[in-house]
Amino acid sequence: MANEQNSLILSTSPHIKSDESVRKIMLSVNITLVPAAAFSVYQFGLYTLLLYAVSIATCLVSEYVVVRLRKRTFTLNDGSALVTGILLVMVLPPRFPAYGVVLGAFVSIVIGKQIFGGLGNNIFNPALIGRAFLAATYPVHISQWILPRMSAAAVSGATPLAGMKFDGIVTPFSDLFFGTVSGSIGETSAILLILGSLYLLMKKYIKWRIPASIFVTVIVLGEIFHLINPAKFPGPVFHLFAGGLMIGALYMAADMVTSPITKKGCVIYGCAIGLLVIIIRLFGGLAEGVMYAILFMNAFVPLINRATKPRIFGTGVNHEY
Amino acid sequence: MKLFSFQGGVHPAYRKELSGQREIKEAGIPEQLVIPLSQHIGAPCEPGVAAGDRIKEGQVIGKTVSFVSAPVHSPVSGKVKKIEKSFHPLGQKVLSVIIQPDDEGARDYMKPLGKNASELDPKDILTRITDAGIVGMGGATFPAHVKFSPPKDKPIDTLIINGCECEPYLTADHRLMVEMPEYIISGAKMIGKVLDVKEIVIAVESNKPDAVEKLEKAGDERDILCVLTKTKYPQGAEKMLIKAVLNREVPSGGLPMDVGVVVSNVGTALAVCESVRDGKPLIERVVTVTGNGVKNPGNFFVKIGTPVKHLIEQAGGTAGNIGKCIMGGPMMGIAQASLDVPVIKGTSGILIMQEADYMQEGYLPCIKCSFCVQVCPVNLLPSKLSVIAEARRWDLADSYGVNDCIECGCCDYVCPGKRPIVQFIKTAKIKVREIKEREKK
Amino acid sequence: MADTKSGDINTGNKSFSEFIKGFWKENPVLVMLLGMCPTLAVTTSAINGLTMGLAVVFVMTGSSVIVSLVRNIVPKQVRIATFVVIIATFVTMVDLFLKAFLLDLSKALGPFIPLIVVNCIILGRAEAFASRNSVWLSLVDALGVSFGFTVTLVFLGGIREILGMRTFFGMSVLGEGFEPWVIMLLPPGAFITLGFMLGAKNLIDRKMKERKKY
Amino acid sequence: MGITILFVSLASMGGVGLILAVILAVADKKLAVKEDPRVEKALEMLPGANCGACGFAGCGAFASAIAAGKVSVDGCKPGGIDVARKLTELLGLDEAVSVSPTVARVFCSGGIKETVMDKVYNGIRTCISANLIGGEKACLYSCIGFGDCCEVCSFDAIHMDENGLPVVDLNKCTGCGECVKACPRNIIGLTGYDEVVHVYCRSFDKGPVAKKACKVGCIACKLCEKDDETGAVKVIDNLAVVDHEVNKAPVGSIRRCPTKVIRVSKPVSGYEDEFKEKIQLEAFEEKKAGTSK
Amino acid sequence: MEVILIFISAVLVNNFVLSYFLGICPFIGVSDRIESAVSMGFAVTFVLTLSAAITWLINRYILIALNVPFLEYVSYIIVIASLVQFVEMFIRKTSKTLYDALGIYLPLITTNCAILGLALFGALRDYSFIENIVFGIGAGIGFTLALVVMAGIREELDLADVPESLKGAAITLIIAGLLALAFMGFAGLISA
Amino acid sequence: MSTRVKMILILTLFASISGGVLSIVYLFSSPLIEANLLEELKKSIFLVVPNAKDYDEKVIDEITYFECRDESGSTVGIALPARGNGYQGVIKLMVGLTPDLSRITGIKVLEQIETPGLGGRIGEDSFQNQFKGVQTEPAVEYVKNREPEKDTEIQAITGATISSRSIVSIINKNIQMLKDAL
């Protein structure tokens, strides 16, 4: 056509976009995990560094291969596989065998994520699927603990929760808070996890309602049971900072892909996770229930979303004025 | 002062500084004007002239054929070159009158009715609004006289004059409020008189304090209340504005009159005032020409029918390689396929973007971050709607309220996956309507 | 089903095709998704799968023959009730037989032997085929389907046994270096393995179809 | 002991059986509900594509309607005449059914090679979405080329060619009309298999405009109208149309069209003979071969 | 207390579908839409409860009383089959809406392992009449829970880019596996 | 014959035929089955009470136990069937005791569905053999991650504390019940 300009671009409105991107979000998550990860390498030795490397490499390779096989283009460099790789290691015991990590990372990406259609489509948290799979595959390795370099306890290698559950030992709050206890690689230092997640909360990459309602539920229920039988049940502060609750609530329950999209839904989801954590910790066969609580509730997310569809503006209200 | 607001919304970079302080200038008369005979919602007009006719400024060239319609007047004196289908800013081809202007300056305005609203008969005002071809200037281009004649069972108690101008980049309404506050106030009173309302409110976003100052000075606090609203897009959307100012919710699928309100743009008020006071039909409007694709962004009085190309020249010509030409603001405006399209009654701005500014490479799957859910002012689940449309499950779209979407673009703006959510929704709306029609048959 | 309708195939061929279709095209587990419970529950080892499969072969052939023998005298309203009685009788026989001669296997299969009674395959076949076809065809069909079932079970049991215990039919196949995957012996392992088996079958089918096209 | 057990078993099972049988018998009598057995049979006969071409929510709904005698037996387009015959038999109707098979045809010739692309489209790559803002081609009536029509066909009968235009496999097409519904620009139409001469353009633009946008569009020159000996071809609203009621091939028009936009489409296999006779295709093809050389 | 434990155990810890592998066929077949999953769940719960009661009576007053244990399977199944058939006829006659919602699932239930499995487990565990009924209700609710959750997930996945070969039953089984993994967290809940 | 009569006849007929056929099969197989079960019971009893050659079944307060005798006929121990909940489900045991119930002579896990490779290891001899000679007064106990020191202690399986604990508590509970009954 006789048009002196080059061809104009056509697209529908809006014509401007915010500067958020999936890549930016995922990279932020990775960066905020660095302090806790670095601390864990210090605490549990260089072997954990190897585990991180193996896990990340496996995740990236599996992701790449599957996406290639399926002839899809996206998700190669968005950084979500990196998050999965790091988080998987953070919830494993410090001396977990490296071949197990390879299997776990592969399962995380392939069974946890790609078979559902890849980024954004998965129902369950991929890293937790990897961990749960490993727990059932190598149940012995998954319950072998060692003492960290900076350790408050003298001998026992048991985690604070196992100590509480099987031996009635309650670890002091400060140890839990700073992470000088035994436990999974990246879960021990509550303070670093909280600091890291503050940035994500600020940027709203984490829906604050989720960790908030988990914490509130755990505190309330923990307190109730503690009041009923202080000898048998530890107090709420212990529950809050022991085990994987921090990393679980802040990073894993709050994974945007696998949590509800409605505000009310987030509260329901968080409360249910809190409830399940307490039930499993106090009455179940396992010492720690965060992982299973999150996975269990992941399955309910579609139902929760459906049940908590927000009231559309201008519907269901009285229009008298 | 209290800031009124609503749930959701976004804060895009406003970029109003580009043109906000530029006084409105005359854009002059282009070589040729293309005047579509359908510039409003409703039935298109029939041509009232024939090729070769000489016409005067203000003469009717498009006659209405039904109630929901608005006549079209010639913005200049000149000669009708031809009448044929021509590109319309909305994308289709529409029957248009093409006018070759001359320098005779012959005018054919209507008889002025008077200045003071309180002395006028509401019926006369309404007739004048009808004859002047006034439509909503906020973008919806709904014929004003229809909007101002609500059915008997829907009494109107409040008139809101919408001076929010929440779209980024646009400053036309802002300049109007600063430069011609008396006209706006007087126009608002006239509309108020027609509707017989108890209260008239002018709502302005908090980033335009100078406008409020001028309006307050020009008006009288007893008749007209100026309120500040939070600077947040889409504060100017009428449903949101009514919620913010009056805390009333327009029912889904309903109109502001269902809750006793009429919302009008400041430009509409101005046009009403001019038509009543001076007898001038709607042949001219204020347009912001802006964006990094023009050298000197500014605000102009523009004759309806002026091609975009002419306006770009008035704004100092293009800067860099032009990528996109948008009629309207960046959030809701329509990208144009050529620079020959004319300004119409509803055009509030022309945004020219450089090549570097627009392109987006593909989009990702929804990661359910729920950013879009947080910002949707009408509480939809845009993520769900986009995924539904992507999977072509039109049957589900309706149950997720696709037709309640006001297409404000907030969801699309915040989406980190850069998903074209609004386009998905628009597509779904079409499909849902198609399916419903088919079912009816 | 279309090919069973065409009349010009002679009986010999027809019964052969009836027989083999149970292995792939109408595999009860992978295609018809029937009899899933024992498939998942008992396949912790290949031998369990085999025993279960053979039990099903017996029950299915027996009941198919009887059902098709009596199909014409049973009124529609009591068809299901009568069929389940016939099937349950055969199942009880298998159960008693196993308890008498193969106590360990009987224990390993647990309640899934009696559950053959309600296994959808048996009833599905009785309803869909035996109640409409001649004795000979019903027999062939039952054999085909139940052997297809058995093969699938042995295959699934094999995978789970190899990965979960390093053995196949009790023989060591993977070296000491391989650490067994306990999950394979647990419910999740059963579901996931069968899921991937189904996926693989679909993939092969699709690839074959594509090849046929060109 | 053995005998006792035998006896007890016989009696107890017999008793249980008897009681249940009586219950069922009574229930059968008291709770009987009549249902039309033909619904199930009709369902078996239908192709089961659930395409909705019959105007019902699926094959099942159509089967019920058929059994109830609410619709005519030839409602199922994909099933075609075979199914209609079977249904007639089932319902015991002996009226002769005549179903003329229909196929979809694509009325646009402007692919990537022929049409001017004067803008860049940046958005969802489906036709319906692109149509919101006009697509990439200069002609506003052209095929957009993102293949929505191919996506919806349940019979794998329509595919995009390398020129970016959809091509219907007439032997697979059942005339269900899904593609017609999917196309936002009304480019696809359902036509009788024996209607073989069509204008492969849908542009209502005036000649010069159309010419600028596309090399192979109808430019409304009216030469076809002039050279048409049958009276079937008319130019209406800047576009030539063929009237199929006039049961003759407008060979003159076909030859005359400067942009070759009136064409004969390929025959549906199995109908070649009938078809040749009707429009003297052979004669025409020979002539065309001669002129183009 | 015992009754509560039986209930929790049947719903969560030893979920019929996810850890006992009972009723898998309908679990895969009817879990594609939430509405039908809920209906099927109700129907199964109803029949499970009813047959828990009846099979307990048969066990006590025929099999044990007459000392004919080998008739267990035959007698259970004939009663269950006839019962289901009767209920179906009854619902069909009395309420069209109920039939459309529940009735069409009933024939599926006869061939569902969960029903007979319940009868056998109940007998094996020497439950009292009340306990057996609670066990039936719990098993039914557990089944419904798994079914509805699965239906929710499958409706979601309907909109997702699941690999072609895995669509349908394959992905359903894999998800069931992942659900079973998640349910493993409840193990030990009743014993500890 | 009307269908309804036919219905009734057919179902009744098939049901009784089935009853008949099964009773015959049962008559033939039941001796074998009983023998099998007896054999198994004997094996487990003789395993947990080493010197036993014969036993008497006794019932006290609904508790069944087996009093074992050697060739000479003197009581050499007691075999006590016990059951309780483990990690995944029910565990059934046979516990061998000295006649005065003060020491365990051996245990045998009869039935369990614990996790293979983990809790499932309670079925392994290395675990079961630990109980030989363990004292039951005041109660059997388990220790973790270290060698047992006292006579009442056994070592729990690593990673399967719960299963190990369950065995211990099943044993304690059942012995206590027997003691109370005697």
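Read from first to last, the chains carry the letters A, B, C, D, E and F; within each, the first residue is number 1.
The rule is simple: a residue touches a chain if its C-beta (ideal position, glycine included) is under 8 Å from a C-beta of that chain, and two chains touch if they have at least 3 such contacts.
Note that the structure is a prediction, hence the values are computed from the model and not measured.
**Student:** By number of C-beta pairs in contact, which two chains lead?
**Tutor:** Highest contact count belongs to chains A-B.
**Student:** Where centres are the averaged C-alpha coordinates, which chain has the largest centre distance to chain C?
**Tutor:** B
**Student:** Could you find the chain whose CA centre sits the greatest distance from that of chain D?
**Tutor:** F
**Student:** In whole angstrom, what separates the CA-based centres of chain A and chain D?
**Tutor:** 51
**Student:** Taking each chain's centre as its mean C-alpha position, how far apart are chain A and chain B in Å?
**Tutor:** Computed from C-alpha means, the inter-chain centre distance equals 47 Å.
**Student:** Report the inter-centroid distance (CA atoms only) between chain D and chain F in whole Å.
**Tutor:** One centre to the other, that is 71 Å.
**Student:** I'd like the Å distance between the centres of chain A and chain C, where a centre is the mean of that chain's Cα atoms.
**Tutor:** For chain A versus chain C, the centre distance works out to 41 Å.
**Student:** Which parts of chain D, given as residue numbers and ranges, touch two or more other chains?
**Tutor:** Touching at least two other chains: 5, 8-9, 12-13, 16-17, 20-21, 24-25, 28, 118-119, 122-123, 129, 132-134.
**Student:** Two or more other chains touching the same residue: where does that happen in chain B?
**Tutor:** Expected reply: 334-335, 337-338, 358-360, 365, 420, 423, 426.
**Student:** At which residue positions does chain A touch at least two other chains?
**Tutor:** 1, 3, 8-12, 111, 117-118, 121, 133, 136, 139, 285
**Student:** Just spell out which pairs of chains touch, all of them.
**Tutor:** Contacting pairs: A-B, A-C, A-D, A-E, A-F, B-D, B-E, C-D, C-E, C-F, D-E, D-F, E-F.
**Student:** Considering only the defined contacts, which chain C positions touch chain F in the complex?
**Tutor:** Result: residues 73-75, 77-78, 81-82, 85-86, 88-89, 92-93, 96-97, 99-101, 103, 164-165, 180, 182, 185-186 of chain C touch chain F.
**Student:** Can you check the complex and tell me which residues of chain B touch chain E?
**Tutor:** For chain B paired with chain E, touching residues are 365, 387-388, 390-391, 393.
**Student:** Please output the residues of chain B touching chain A within their complex, sorted ascending.
**Tutor:** 10, 12-13, 168, 239, 243, 246, 248-254, 258-260, 321-326, 328, 330-339, 351, 353, 355, 358-360, 362, 364-371, 373-374, 377-381, 383-384, 400-401, 404, 407, 409, 412-418, 420, 422-423, 426
**Student:** Given the complex with chain F, which residues does chain A contribute to the contact?
**Tutor:** 139-140, 142-144, 157, 166, 285
**Student:** Name, in rising order, each residue of chain B that touches chain D in their complex.
**Tutor:** My answer: residues 84, 91-93, 334-335, 337-338, 358-360, 392, 420, 423-424, 426-427, 430-431, 434, 438.
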